[in-house]
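First, the structure itself, so that you have it in front of you.
Labels run A, B and C following the written order; every chain starts at residue 1.
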Amino acid sequence: MKKLSKIYLGLVLFFLYVPIFVLIVFSFNTTKSRTVMSGFTFDWYIKLFRNEIIMESLWNTIIIAVIASITATILGTAAAIGINNMKKVPKAIVMNITNFPIINPEIVTGVSLMLLFVFFAARMNFEFGFWTLLIAHITFSVPYVILNVMPKFRQMDPFLYEAAQDLGCNSRQAFFKVVLPEIMPGVLSGFMMSFTFSLDDFIISYFTSGSDSQTLPVTIYSMTRRKVSPEINALSTIIFLVVVIVLVLKNVIERKSENNKVKVKGEKV
Amino acid sequence: MAVLMCGSMFTGCSSETDAVEEEEETEVQTLTVADEEYYKRFYDDGISINVYNWGEYISDGSDEGTLNVNAEFTKLTGIKVNYTNYATNEELYAKLKGGGASYDIIIPSDYMISRMIKEEMILPLDMNNIPNYKYIGEAYKNQAFDPENEYSVPYFWGTVGIIYDTTLIEEENIDWDILWNEDYADRILMFDNPRDAFAIAELRLGYSLNTEDEKELEAAAELLKEQKKVVQAYVMDEIFDKMGAGEALIAPYYAGDAVTLMAEYEDLGFVIPESGTNLFIDGICIPKGAKQKEAAEMYINFLCEPDIAYSNTYYVGYSTPNTAAYEMLDEETKNDGISYLPDEYLMSNTTVFRNLSDEANQKMQDLWTELKSTQDQTKNKWIVPVFMLACVILSITILIMRYIKKKKDIF
Amino acid sequence: MKNKLIAAPYLVWMVVFILVPLIMVGYFAFTDKEGNFTLDYVADVAQYSQIFVRSIWLAAIATVICLVISYPLAYILTGFSKNTQSTMLMIVMLPMWMNFLLRTYAWMTMLGNNGIINTILGFIGLGPFKMLNTEGAVVLGMVYNYLPYMILPIYSVMVKIDKSVIEAASDLGCNPWKTILRVVFPLSLPGVMSGITMVFVPAISTFIISRMLGGGGNLLIGDLIEMQFLGNAYNVNLGAAISLVLMVIILLIMTIMNQFDNDDGAVLL
């Protein structure tokens, strides 16, 4: 049983990783062939870094992801506080609408935003580009922030805030010193989620991007539709490495802080 | 106004504007423009233009020795170029019609130009800003799609033919029917846009490429449906990849791309069927709503610079309508029998697409969607409504059952 | 803290960018090009029922395959020690952080007639098989891309199952299989349900996977919608009508899924 389950796990991992490793291996190929390795080279990486379109869209992607996730986090956290204080029925209505972009197929969200932007673009004389992308990214990110923050309120002691005020905090102090630290894990994970979703989003960006400010996934899509150059493999390799490094770091930090917590608790006892 | 020195083709001339990054072994093309003043007008204004072009349709300097056209333009004029791609004329039309995105330069083909003129989607050009228009060959002016040359400046022209793998296909006299040949089942690619795909069927049936007759369109669709069994995939520029990697053996495509492919893969051949084909001219236009019309005209003029036009035709492989650039080509290219064909053939065997009526366009579109979605299954239009109804009933039943259960629990 | 107004910015945002766009989809679906009310486009959707059926069918197959692969995997994962679990989970989820276009592209290069799989099979004297540009390739692409969405919810529910319950079952004479079937499975049902929706919804509405791996001859709903907005067809009203029908189908499926889930739906999201 133990052995069998290890084999099974191995097979699934093989299935998940083989395509990625094939991409990586052929990013070092001297020719464009994807079946025969004819030599080792870094040429495609050099070409990739010289490719202005890719570099520019990478820059756009990062800027949009940063602004969108910060805005979404602030907007979403504030919203979660307010929604938490609502009565049952309005709360249910708001939460249902908030869930919509999550449940809805991305293509429908993208299309609906496109229709909205087209409608206003014609009347208010603006055009698709950076701002439409940003708005779209904030829109699909906020619900994730709210959904991450809301449960933290449920776990929090409802009297904590009042206790802080009784002890002489004004409401701002009470919020920043008492409430915020309590909900911080939810805020952070909401921020991380919206950041990664924003970095990775293709479908919604595809429908809301304009003549400038393409994001990286949109550029990748147009790359796969043309003469494909192994630059795309090089790009995959770099993205993969970045992901590995970030995730490993995250894991290490989390584990350390957990160990610390255990230690602190141990000392207290 | 603009007296142009003919560009010195390969290194030798070294004026200050020529600074192209040198790569030691290869000869590097340099750019010379006569009227530099003209290009400096917006130099310090920090403006940018949005160019929407076909994929693989401009020299990006990746072929050694050629110019990176957009980078050169920015260097010369200080105008930034936002460059994006589309794959078909219809995609371009949808993006413009959808509104929102504003472009300063688009490059539609003949029939799409006339459609856009008709629907007032493109602006008349101020030819005073495009002195290099004089380089455009007479044969490409006054075409039916833009009789007064008011709206477009020809960018490239070409024909449609068949790219095939010469090592595995030994047939002689290749004609359009090879795309239906079952011996090559699953190794045949096909156009992924209705107009080009229907044209091939119409050529086989002997119809006009501009037919609006419903019966004829249906017959063409029927023929394409028959072809679907042997088609591996419907593609546009993916063809570079699939033909290059030997995934497919036969594909109809544009002559210019065939030239590019054949330069890279010796095994590939290209034939323009005797029975006739489509001749297309892609024109540079400025869409309505362009924010920088004058800068866009400057860009058009820049594309007509002999050096630039040469660099483009060298990289892209399509046939240039620019006479000065044509002169720069070597004899081999001029006589390759692909890019530049004898006038008699062009006159007698090729047809230029005209814009179809809205009804015919719609009909073609419907037939196309049907073709792409049908499979050898029986069609039943009730399935979805019935499925949805079943879902509703199921979910109501469950709701009721839960309600009953809840009540039971209470008591 | 008790202030509901703090949610106001989000509520405005929600109405403008979530609610209004959805209403616009409905508006376009029920009007013609001149803006007059019509049922034509919604009725026209019936004409594409074959595409709907195929999308539902392929998405359903992909979902079932994902479930079959993920369930044992999640169970195996819960068997590891706590630290190993989080590491293993990270390894399983890691490919998901790569851009999905790149992952799909990887399969495109591997499945081809001259791709690496057929080359390897060729050495053994098999093939070449036609794999790319088939429905099978589309399903494979769906499974590969959305597998982690199935693993994660199942795992997170399973890990919470009290081990003593399982021990009790085996003490009471259940064999391991019976324990899984009678105890573990019912308890993990909420995870399974949310896994199913998380795989099914994106799978039914994808247009990239079918385009890259299906060869353009296997249109799915997503392709059809994309064609109406940015592709060859250009018919916004029809596109909106198709989106509307797709949305209704998915909402129905979600309601049904929700019925099986006896929690208040919190796990689902």
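One rule holds in what follows: a residue touches a chain if its C-beta (ideal position, glycine included) is under 8 Å from a C-beta of that chain, and two chains touch if they have at least 3 such contacts.
Just so you know, these numbers come straight off a predicted model, no measurement behind them.
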From chain A, which chain is the farthest off, judged by mean CA positions?
B
Counting C-beta pairs in contact for A-C and for A-B, the higher total belongs to A-C
Chain centre separation in whole Å, for chain B relative to chain A (CA means)
35
Centre-of-Cα separation between chain C and chain A, whole angstrom:
18
Where chain A touches two or more other chains simultaneously, the residues are 34, 114, 228
Please set out, as single numbers or ranges, the residues of chain B touching at least two other chains.
98, 245
Junction residues of chain C, two or more chains touched
114, 229-230, 236
Residue positions on chain A within touch of chain C in the complex are 1, 5, 8-9, 12-13, 15-20, 22-23, 26, 34-35, 75-76, 78-83, 85-86, 94, 97-109, 111-116, 119, 135, 138-139, 142, 146-147, 151, 161, 171, 174-175, 179, 196, 200, 202-203, 206-207, 216-217, 220-221, 224, 228, 232, 235-236, 239-240, 243-244, 247-248, 251, 254-255
Chain B contact footprint on chain A (complex, rising order)
32-34, 47, 52-53, 114, 117-118, 121-122, 127-129, 132, 210-212, 214, 222, 225-228
Considering only the defined contacts, which chain B positions touch chain C in the complex?
88, 90-91, 93-95, 97-98, 186-187, 192-194, 228, 231-235, 242, 245-247, 365, 368-369, 372-375, 377, 379-385, 387-388, 391-392, 394-395, 398-399, 402
Can you list the residues on chain C that touch chain A in the complex?
1-11, 13-14, 17-22, 24-25, 28, 69, 72-73, 76-77, 79, 83, 86-88, 90-92, 94-95, 97-103, 105-110, 114-116, 119, 144, 147, 176, 197, 201-202, 204-205, 207-208, 212, 222, 225-226, 229-230, 236, 239-240, 243, 246-247, 250-251, 254, 266, 269
Complex contacts: residues of chain B adjacent to chain A
48, 50, 52, 55-56, 62, 71, 82-85, 87, 98-103, 236-238, 240-241, 244-245
